[in-house]
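Each of the next two complexes has chain A plus one more chain, namely chain B in the first and chain C in the second.
Let's turn to the complex of A and B:
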């Protein structure tokens, strides 16, 4: 395998495709290469060409989660989402841009079962083991999106700037369809450069895990208050980061037999998150 | 004169008779309490070497010209190889050989579980070998696997005959009961996941094969390899000087050893065969799941009148039936007991011993059911346990050899009393509770086990025995025992172990048997040396031998005079004083067991099902404690492993294909340091007066036995919910809370079985 080190973001974007894959922190890509899920002839190193660091409301996509978790200038929800993700070792390697693009932890997908997400016609999790799986958007594929920061950024209404355009984070994700199984809408050769993250009055991220550290979310709930409106973003509940407008939306959940418990956890965490960001009475 | 007798030997509840040669002048036990070295905390003699990376594990060994093997393992739970061609793999650059089904006993063309070895290749590097596996041409006929337990029971797919045990009259027992509880408990499959994966390097030197392997039993590997390659036993030399954990799964040679030996024989070069983490999580043994149906009857005063238990143990394709019914049969005095154990054979990876196999699972069911009984009787759970204390072995009325369980209960009392203040910590959705569970397990060890000690002219001693230290600190404990007997500081004793060519035969490091088997042999060997020193000193200084003793590196005369040890050993210049020792028999007609109780404090978020273990108090009775520091670390390790087993660890199989889904450490959730509670440990430390010249039992397994039940009982205390299935995931916890709510709402409809 060959490692390319382009000297600009444009050059990096141009080098992608045709067996060339982008490499940032590598915490996601390297295991996928090892397991033969991603095949690459060349890796395109993004480290030196994608912006890194925080400037006002703008966050470089190359900023590591470890840098974000201690940054006092970013919204609390994003800071907490970063600090509750993975382990210190992984956080010091992994970048925000890479985190948004990570694939599901669904064990069937990771073991290369010929599942719907891999282009097949059935979701093996539905009839199999699925306690970590989705409660929303799971008609064709029950995988759960693992990103904590994505849930926070969804609640915060973040926008992305890439090598070719600017758009809302909501539009980065789409449920897989018969025509398109990829859950992210990045064009071939498009690289995320920067995020614009509005400052809320208050925000929070709460996460339920199977152990106390280093575990993907059973349910992660981010809440952000802008003036009188509270926006919610959830991790671990759908094949993509999932937005809710209120706790009542949880009535629309379509849990599997083994994920019904997630609805109950989501209900408690959404209620707590909303409480945490609500303006104190009389304020 | 030596005397030949027969004694009883036990490993993890499997008993056998054993001829043993007994020395007539066996040493008396030391007096109770801390001595000069034994009974006092000692840091590990190999701690620095391990911390500095100087300790060479099997993984670290690089032999000149060493090749690397990789194993083609079945991707199917049940299949037949229709056609296989190794040639495309063998012809690749860097590949030095390949072996397939029919060429080696551990390779099969009809795999019966995912991961069963089919073929192997050997190459210059591990990467070459793995890449070559992809090139093996293979055509499969995939067959329907048997994975469903109900189907397996209907077909009577058993590995061995169901095991029935009865005493008294179970029907009469239940008829005499004022209260009966009945419930089903389930335990999951958990994986050992030792830091060092299973692996072996084999190297042939003429007719001898050197086997460097990560093992819990050098001599067992020797015998297996000798049998497989038709060699005299001592033509197989097995070496394991440092080991990165086993937990029960490294008791036998394994397919990787046979593959390394065969490929080394064929290539004439050393071959390393090492499981990677993914193989480790599929194919290196597991704790088998159980389904337990328990029924307990008691009089209104709490005295048990009947215990009935059915155990379905899902063993996988191979293995053995662990003593799951042991706790029900032996923990409490009860006249009427009936147990049935079924060892179900499925197309899933074979079970292997895992730290107190059977008793961990059986104790979970029994100790949870006992607390459910206590609640129904409105009796204090600790008092219920005291009232049913077994004063002698309920199996056959034998006296127990050294049993301090009542003392454990007494010491646990103040920790159990903390529940009133713990309950008061309740805050919003967080409820707090305390739970207890009792433990019994084997751990007496046995013969044959031998040690040699040599004392050099400079007054330093070396213990030689071909035992293994699997990471538990036995090297340090053996140094302490020899130092104590020789009156030397522990720094002047070196322990050489881990090589069948360097020292005599030693016991398997399993069943908590290492210290109680090897310790007495080491003490006897050191005692042999000590006796010779006194004899030499008596002649040299013209005093009576009986007035001499050894302490602080000196030979001390009862009149107050003393000589440095070197003054005696130095007489011989490079001459050495050699001692030998053997493990004596177990006490005839007595049952040797270990005991303890743990008290767990937990917090439960009743809205999200989060369970946090906040504190575990553990008190165990293992007879004399050799190294209190090492013992404390064993207790902590056992409890941490138990917390994973209780809350987060579970091997998941796909119900249709039988493939292991949790094969990496992000999916298979071991506890992290953040999941570890405050652990307060204590040992009764009273020597077992009947057991060997030490009075010591093993501690490797006892601490993992009661933890899960103590946690589940604490959860009931906190929330009123009965968790009866491991692991206690959020799903399990919320389900149990829901059931408890329903029960409160409609008390007449739901609830335990009628009395």
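Let's turn to the complex of A and C:
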């Protein structure tokens, strides 16, 4: 394996593909390389070429979650999502851009079962152990997307700027299909550079976990209020970060036998999150 | 590929393949075995070292990405008052997680000389202790913070 240190984001993008894989914080990639789930001939180091830091509503994709969890200038939902994600060491290493591109925690996928996401025709979780899995979008694959910041950024209506285009975060993700198993829509040789995160009037991130620290979301709920509308983004409930257009959407959930409890948790967290961001009566 | 490192104030230069982790270099190439590898996949915190004072997981840090950041390991913290405080508080049982605990705790105290219980728990959440010595670890940190054992 070789390591490339490009001197610009454009050079990094040009070096990707054909066995070359982007390396930012490494918290996801390094274990996946070791487990043989990702294979790379070359690693392309992004640390010195992707923007880092917060400037107004713009956040560099190279900013670490540790930097964001203490930043008073970003929306509360994103700050809380970063603070509740992973462990302190992982937050110090991991970048926001990399967090958005992380893979599922599904143990079948991580153990390299020939599952639907890996290109096979079966979701082993559906017939097997799936208590941490999806309640939405789980027809083909029942994995759950673990990103807390992605849920917050969905509720906040974030947009991405990459080396080749600008688009809404919601369009970064797609459910896996027979034709395309990858759940992110980045093109080969495309690097996320920056996010534009609108300022809401109020926002919050609530996360149900098996313990109070250092745990992936059973269900994470972000709510953000802009004028009179409240947007919701959920973590841990679908193969991709999941936007709800209304509270009533929760009734469309398609839980598995072992994930029905998540619907109840989602209902409770959505109710609390909406209450938390709603304008006080008479205001 | 050649890598140059500054570890506990000492300069090192060695040859290492690109996939080699900082933890492997510390333990296997340099004999700095105070840093432990337990889970080996970034979950447990036993391998914690500081890069420019920030605790990171050396078992998932590729050594060639360290760059010019200064590495501090438990060997560089021999004289730190936390070492004695952990002994006094009986904050080790099997002791395997202790180097990582002290590396993380020393960074916490450098940033916050008098952390609250909640601040300690937030900062230390990435260092797991299978023996369950958490209350004693908290007490040891409070002792060094000089607030006599916490709230």
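As a working rule, the second predicted complex is superposed on the first by the 283 of 283 C-alpha atoms of A that agree within 3 Å, B and C clash if a C-alpha of one lies under 4 Å from a C-alpha of the other, contacts with A are read in each partner's own complex, and residues count from 1 in each chain.
Rule of thumb we're sticking to: a residue touches a chain if its C-beta (ideal position, glycine included) is under 8 Å from a C-beta of that chain, and two chains touch if they have at least 3 such contacts.
Since this is a predicted model, take the numbers as computed values, not measurements.
Chemist: Quick one: classify A:214 as touching chain B (first), chain C (second), both or neither.
Modeler: both
Chemist: Of the two partner chains, chain B (first) and chain C (second), which one does A:128 touch, if any: first, second, both, or neither?
Modeler: Touch partner of A:128: chain B, not chain C.
Chemist: Applying the document's definition of touch, where does A:202 land relative to chain B and chain C: first, second, both, or neither?
Modeler: A:202: touches no partner chain.
Chemist: Considering only touches as defined above, state whether A:33 meets chain B (first), chain C (second), both or neither.
Modeler: A:33: touches chain C, not chain B.
Chemist: Thinking of the overlay built on chain A, is A:175 touched by chain B (first), by chain C (second), by both, or by neither?
Modeler: Once the two structures are laid over each other on A, A:175 reaches no partner at all.
Chemist: Enumerate the residues of chain A that count as touching chain B in its complex and touching chain C in the other.
Modeler: Touching chain B in the first complex and chain C in the second, residues 31, 213-214 of chain A appear in both lists.
Chemist: If you look only at chain B, which of its residues touch chain A in the complex?
Modeler: 429, 607-610, 612, 647-648, 652-656, 659, 661-664, 666-667, 669, 671-672, 674-675, 729-731, 734-735
Chemist: Across the complex, what residues on chain A touch chain B?
Modeler: It is residues 31, 105, 107-108, 110-111, 124, 127-129, 131, 208, 210-216, 218, 258, 261, 264-265, 268-269 of chain A that touch chain B.
Chemist: Residue numbers of chain A touching chain C in their complex, please.
Modeler: Residues of chain A touching chain C: 1-3, 23, 26-27, 30-31, 33-34, 43, 45, 47, 66, 83, 86-90, 92-93, 213-214.
Chemist: Note which residues of chain C are touching chain A in the complex, please.
Modeler: It is residues 1, 17-19, 21, 40-43, 45, 48, 54-57, 60-62, 64-65, 67, 104, 121-126 of chain C that touch chain A.
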